[in-house]
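In what comes next, chain A is part of two complexes: it sits with chain B in the first one and with chain C in the second one.
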Partner chain A sequence: MLDTKWETFERSSQRDEMTFVGGLGYTLIALGPAIALFFTVIIGKPFLILTLIVSIFSWLISLVLIAGVWRAFLPSESNVWVYIPLLLSAVCCQEAARRAFWHLYLKVEDILNKIAVRLSKPRLHTVDKLEIALAFGFGHGLAHVIFFCLALLTPSFGPGTFYVPGCTQMSFFLMAALTGLSFLIIHTFSMVIAFDGHADGNKSQQIFAPGMHFLATFATLVNLAEGGCVYGVSATLSCAVITSAVCWKIQWDKAGADPFTSSNLNRTHH
Partner chain B sequence: MTEGSILESLGSEIVGIVTPVSICMLLVVLLVQSLTPHGSDAPVASIAMLVYDEQPTDSFTEKLGGAMLNALVFVIIVALVTFLLVVLFYFRCTKFLRAYMGFSAFMVLAYMGGGVVVLLIQNFSIPIDAITFLVMLYNFATVGVLAVFFSKMPIFVTQGYLVIIGVLVAFWFTMLPEWTTWVLLMAMALYDVVAVLLPGGPLNMLVELAIARDEDIPALIYEARPSARNIAPMPNSPHSVSINSSATDLAGQATQIPPRWRRRVVTAPPPSNASIQLPANAVNESAINQETVRPVGISALRTESQPQPPGQAQALVPPHSTVVMDGVEGNSRAGGRSEIVNIEALLDDVAGNGESGVLSGAIKLGLGDFIFYSVLVGRAAMYDMMTVYACYLAIVAGLGSTLVLLTVWRRALPALPISITLGVIFYLLTRFLVDPFIVNLSTHYVYF
Partner chain C sequence: MNRLGRVIGGLSVMKLKDSFVCGIGVEWSGTSGSALSRLIVLLVLAICSGVCFGLKSVPEIENSMYQMVDGTACVRLLSIQGEVGCAGPSRKAVHAPLWYLSDASLRLSRKTTIVMPLPALHDFLNRIVNEPSLAKHVAGVLVESDVGEQNATIFSPDAKFPQAEFAPYKAQYIWNPPGSGVLQQRFNFPVFLLTPESTASVKMLIASNEKRNYEYPLHVAEFDMVMQSTKSGTHDSVSCLKEWACLPLGGYNVWSALPALNASAPTENPIVLVMAAMDSASLFRDATPGADSPLSGLIAMLAAADALSRVPDVDQFQKQIIFLAVTGEAWGYLGSRRFLRELASGNPSLSGLSMSRIHQVLEVGSVGKAVDAGRATLYFHKQKDQVSMATQQIVEALQSSASSLTGAQHVGAVEIKPASKLNPGVPPSSIMSFIQKNSSTAAVVLQEFDKVFKNPAYHSDLDGVNNIDKNSIAGTAALIARTVYLLGDSAANSTQLQSIDVNSSLVDDLVGCLIAQTPGMECDLVKGLITPTQKYANHYVGVFLGEPTSSPYLENVDDTSRFVWNFLASRTGIIRHQRVRDRDDAGRRNAFASSFEECTQKCSNADEICVGATGEHKGRCMMSTTRYLPAYSPRLTFESSGWKVVAAELDDAMSQVDPVWTESFWKAIGVRFYLKESTSQDELMLGVGTALTIGSFFAIFCTKAMFHKRLKRA
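After this line comes the complex of A and B, so read on.
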């Protein structure tokens, strides 16, 4: 895929162990929290796995739509401003998807409760609801990492590396991994915040999720500036930290108010 | 967290079938990535290329026409062999079928498996001597045949060998040239629809026959029966539903279904017209019977793979790819759920294997589905990883929707068409739209 771009690789004569380890490292940087999240929260609950797959697939559909619209107008070095409407439309599309997910979630919750009653099982617990929201968000985050980072990391396992002109500080792969990590966290936890906000009718939380998404997305525009990638990636990483902190704060306060859930919440949010 | 939360039981059957499919695809992709020189087509002769030998230099129309001819011939051969199978089954040549099944499984494991391992050994320069290798290969293949057909083994071993057979066959299929592969996949999806859904379709006849005779379907079928749980598929479940991909139609009409699967349990509880048939002792009984029962279901395996001379890809008449949901939902609860939406019905069915012991649905998927899904993903892996992820997601989504349809229509369904169509569409979309888009964005370090 990137073949034309890789022509300038410094090729080593034999299979290079270092770059293989490097590729593994990039993968783990991007996917580390995702792996932890998957194995602690998702894997034991088949329903969450299904939710995750639905969420990833819907993100892929949104990506295909956006790509289909903008494929013909892809910006080059001369007209970078095209990225602004492009990102704007992309974020709007995905925030619309978040909205749709909320309505889907309401239906799912209703059905699950009905089934639970029929099977004489407990109705959905607060933690269950949180986990469903988490799985939806995690799906979005994971999809971002898969398509914007993991799919591009394959060459990093081979010999050589790749730097984009204008960013000499770090390689293309490290950049993709770090940004992927940020967006994974942002998508995952902003979905939890948004669902929580919708459930409580809390306007500020409802606005927080799209807001943070916009902020992080437009922070990546800084990368376009000469040498701006260091600041851009710091900005997106800070967005990720803020998102998880806000999510943690909200749930912590709620858990304090409702002692029944507090012991469980710590496991959902690490 | 909450004890017995509904999230833990819902969907476990679907996950039980999606997981092995994913593992199969993952292994094929890894094999393709590590063994196929990037971007190269090294076509090997096989049955799927009887008519036309595709060359990368051929023109568009030549490739398309030739690929269509190849696919047509391949599908005709598949159909003929399946009819032959039906005929053999009709005349009760069970011994012969069993021997042939065992032989073909052995050949797949020993010959094709050996070929793949030799490639791996060469590629990674693994030091091993020939005698050790042959002894290990022989053991591997023999255990595989026993696990798949003849003896009672832990279901995990059986399932593992089924996935390995799928991986091996699919890997050899990925060696077909590009156009032939794509057209072949679509042709198989079409054939699947015809063979399963039409009354005269060979797979449909095969299953009808198997059901009428109360025998096992002669096909390679993966059964997603949870191995950890001790609830066997409910013998007394009055209903069985199957999705079936190129092989078997289990359930002609819903009304005929009840008696069909009772045979699966040696000591079947009383007939299912007793619709309140799920007392605790029934559950226990079936749990006890599980060990005896399991091989019966699993042994319904058959691959038509024929060993071929060295240097040729294995041409395989697809094992009857089938998804069968066995004993999904009891009539007993039908009254209670008539008002429920479809999805809920599915979730409900799937929830059936919970502690409540209502019902345990074992979804069955023909190995042919495993193989063709994996061929698609493996072919996508020759382009790029991005197409692999997109195709994987599309196939799983297709499989999921097929499973939803399964609970709605309650009959054997072809599992290939939806998944393969989605897979091909997403392959094209990803290759021509998403890939350039993402490469452009990410090489400018712009993300969303």
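After this line comes the complex of A and C, so read on.
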């Protein structure tokens, strides 16, 4: 009764069993640029690693505090409008935290400069400052992605997928990965823009970071509309592209204008 | 510097753990609102503002992704010749998109889970047997349960002549016209009978698949139905028993003597054996109600035993009445054959009985559909050309009691007719074993049918409570009770005969307990006697657990056998009044005068057995001869190394055709539904992710280089 055809058929369907492929894909979409940034910029300098960890840790604490307060006010009805004040307050808290970070950074810079003077080493210069700001921002972005987006992605390593009823165009996991990626980029680069703005007293740069944060946050609310996820995710991704472009433009102009940096370039990239 | 890096690396790992603890500590507090809308909100909250809800919501997402399916499966059975039933094709779970069987001319090009209504199942399975090209595209079959159509469906998976090889005659006779024979076929894919709730959800998923025009992502069913015999590569009973991949089918027969046998003063009275089968069959292991075949007969016998136990001078009968409930009859007449085998070899659990003393055998077959247009008609089937005195006596007793019932108050009149002379012999029934053993046995089986089965759902999951008529069973019970009285007592008188009546509310209770799903085994009658393990009775014989013994661990005995044992014991037994103790305690209160010994397992007196002990209350010690007798294939022996198949006995025709059925072990039978992305979509995501990562490396290198250049130039 038993025939051998079954055996060959079974082997041909083995390909289906690689259920982790999708999960790995989503994780790389969310974290790929972060991995690249870590291995090309951060890993070479222990000080940047330390900054990154401090940043992730601090952002996490701020998030936990916000979450703890929010728990008491969380509505049971899922009405979109109820969430707007909550989102507003959360973003405000984080932007206040960013301001606190700037002052922390100033202190750190001051201490580092004093150490440098005592060791007869040159003071921190623009590229160092840029990299520290980048590490701070990167920590902010990573804190979001690792602890929220990645947790949401764990079920994608199973055989099944998941679609939110209002969104048939893309899976919940793709939505989470792309949104996670966008916020990683937005947080990383807006920190650079904000620190730069604070350092130079540039008002428009100072309000860019909170502005973009608000914009991206409210763009995700579009996801709640029937079929709105394509627009919501595209809008969030656009915010990320704009943020990185603005950051590029500012730094590119600065690099062209600063006559003192060229002599110290080799030191910053040892 | 390196060491610092490593320390920092360690720190980051520690921190990661800490923060997970934090995340779990924050709970989602919303209770109302749909889970899905909450998920959307969670996504917004988690990613926009980084609240710690992400971690907590993962189980919620998984619950909405995977839907466990309730139902019952067809399992793999093995015989000496090979395999029947269903099993997954490999050692792994299989999954395939859900698809509704809309027309019979089905063509499949890829692996598919086919959903179909029950009436279409047999045609489909029979087609699969003939078309291997179709079979290899079937990942599994989900069968809808449709309660509404139960009455109208003619559906029997058994053969047209069930267990023809065991018949004492050779004939191409059709006893079971609707029989499709799929019960004896082998399928290399799972077949799963859904519950009504699962049927409703599968219909929604199929509608969604149809809307998508069968393009991924599709709703798939995943079957986890790996059979141990498939795993071990054993494809027949002999090898799978050797490899411990299966267990033989079997259970425990129950027999009871009315009145109880007296071990100290044995009598040599001839025996009237009243028997009925306890087990049925079905394509789906756990959906075997067996209402008409054979539970109606068992219930009639139990009600008759109850009626006879109230006859005052039952201990004065010239003949010994024995009630025997056999199991495993649907899978090779295991119970009746084992009874005869042990009787011949002098098994101690049959002490007090002997083959030569069995004078008459009266089997109660399918009797739940005897009523036609308000009249109950039963047919007695006996071996062709059997004209012995003893047989004639049974026939006469049946006819006298039928005519005595004409004016009975509780049940309608029962007419008794001889079965057609054109029949090749007795229909498939347990008396076949007795006739095969000794062709001159005076054996008669009562059936509701004459030439072919009246039961349209013989050995199927549709042979449920709607398939039988309680009045038909009650009428049969009265007929049997009176017939046995006439056979047992040579001094029978018509006043006494007229007084024997069946408690029809007991019949109602037995039907409710042993066949219906409500109250099922939770009914008061059952709970007063045993602690049931099932919510409602399933009459598949099951596998033989543990070592065969006449005093088995009660955990190894199925609910039906335990119930029948306790029921028969409570009816045939008598409570011995403890006058002795009363006299000792003369000075004390007199309450002990007619009390009984309470027990949990054993009684202090060796002649007594503990009846009705459950987890909730103690039982009573009663004087009764009610015993278990293991029922398993006579071609099996149990040794210290396990079960072993022995050679067939040359003088035993049934032994030579015995398939020695075994059931494969299985760990879990699970079916779940989920939405699946196509493999190419998953690979695309991996491609996009990889490209994004590599692209980012490249972009960062380029950016760095460009900034260097610009800084140098400046």
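Operating definition for what follows: the second predicted complex is superposed on the first by the 233 of 270 C-alpha atoms of A that agree within 3 Å, B and C clash if a C-alpha of one lies under 4 Å from a C-alpha of the other, contacts with A are read in each partner's own complex, and residues count from 1 in each chain.
Quick note on the criterion: a contact is a pair of C-beta atoms (placed from the backbone, for glycine too) under 8 Å apart; a residue touches a chain by one contact, two chains touch by 3 or more.
Predicted model only: the values in this text are computed from it and were never measured.
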Contacts of A:A151 with chain B and chain C, given as first, second, both or neither: both
Which of chain B and chain C A:S171 touches, first, second, both or neither: second
Which of chain B and chain C A:T27 touches, first, second, both or neither: second
Chain B versus chain C as contact partner of A:A255, first or second or both or neither: second
Partner chain in contact with A:K114 - chain B first, chain C second, else both or neither: first
Which of chain B and chain C A:S204 touches, first, second, both or neither: neither
First, second, both or neither for A:F57, with chain B first and chain C second: both
Most chain A residues touched (candidates chain B, chain C): C
Touching partner for A:E131 - first (chain B), second (chain C), both, neither: first
Chain C-contacting residues of chain A that also contact chain B: 1-2, 5, 46, 49-50, 53, 56-57, 60, 63-64, 66-68, 70-71, 74-75, 83, 87, 90-91, 94, 127, 144, 146-148, 151-152, 154, 164, 172, 175-176, 179-180, 183, 217, 220-221, 223-224
Residues of chain B that touch chain A when the two form their complex: 1-2, 4-12, 14-16, 18, 336, 340-341, 343-344, 347-348, 351, 354, 356, 358, 383-386, 389-390, 393-394, 396-397, 400, 426, 429-430, 432-448
Residue numbers on chain A that touch chain B, as the complex places them: 1-2, 5, 44-50, 53-54, 56-57, 60, 63-64, 66-68, 70-71, 74-75, 80, 83, 87, 90-91, 94, 111-112, 114-116, 118-122, 124-125, 127-128, 131-132, 144, 146-148, 150-152, 154, 164, 167, 172, 175-176, 179-180, 183, 213, 217, 220-221, 223-224, 229, 232, 236, 264, 267
Chain A-touching residues of chain C, taken from the complex the two chains share: 1, 4-5, 8, 11-12, 15-16, 19-20, 22-23, 26-27, 29-34, 36-41, 43-55, 57-58, 61-62, 64-66, 82-83, 89-90, 92, 94-95, 111, 132, 136, 186, 188, 217, 222, 235, 674-677, 679, 681-690, 692-693, 695-697, 699-701, 703-704, 707-708, 710-714
Complex interface listing, chain A residues touching chain C: 1-3, 5-6, 9-10, 13, 15-19, 21-22, 24-29, 32-33, 35-37, 39-41, 43, 46, 49-50, 53, 56-57, 59-60, 63-64, 66-68, 70-71, 74-78, 83, 86-87, 90-91, 94, 127, 143-144, 146-149, 151-152, 154-155, 158-166, 171-172, 174-176, 179-181, 183, 216-217, 220-221, 223-224, 248, 251-252, 255-259, 261-262, 265, 269
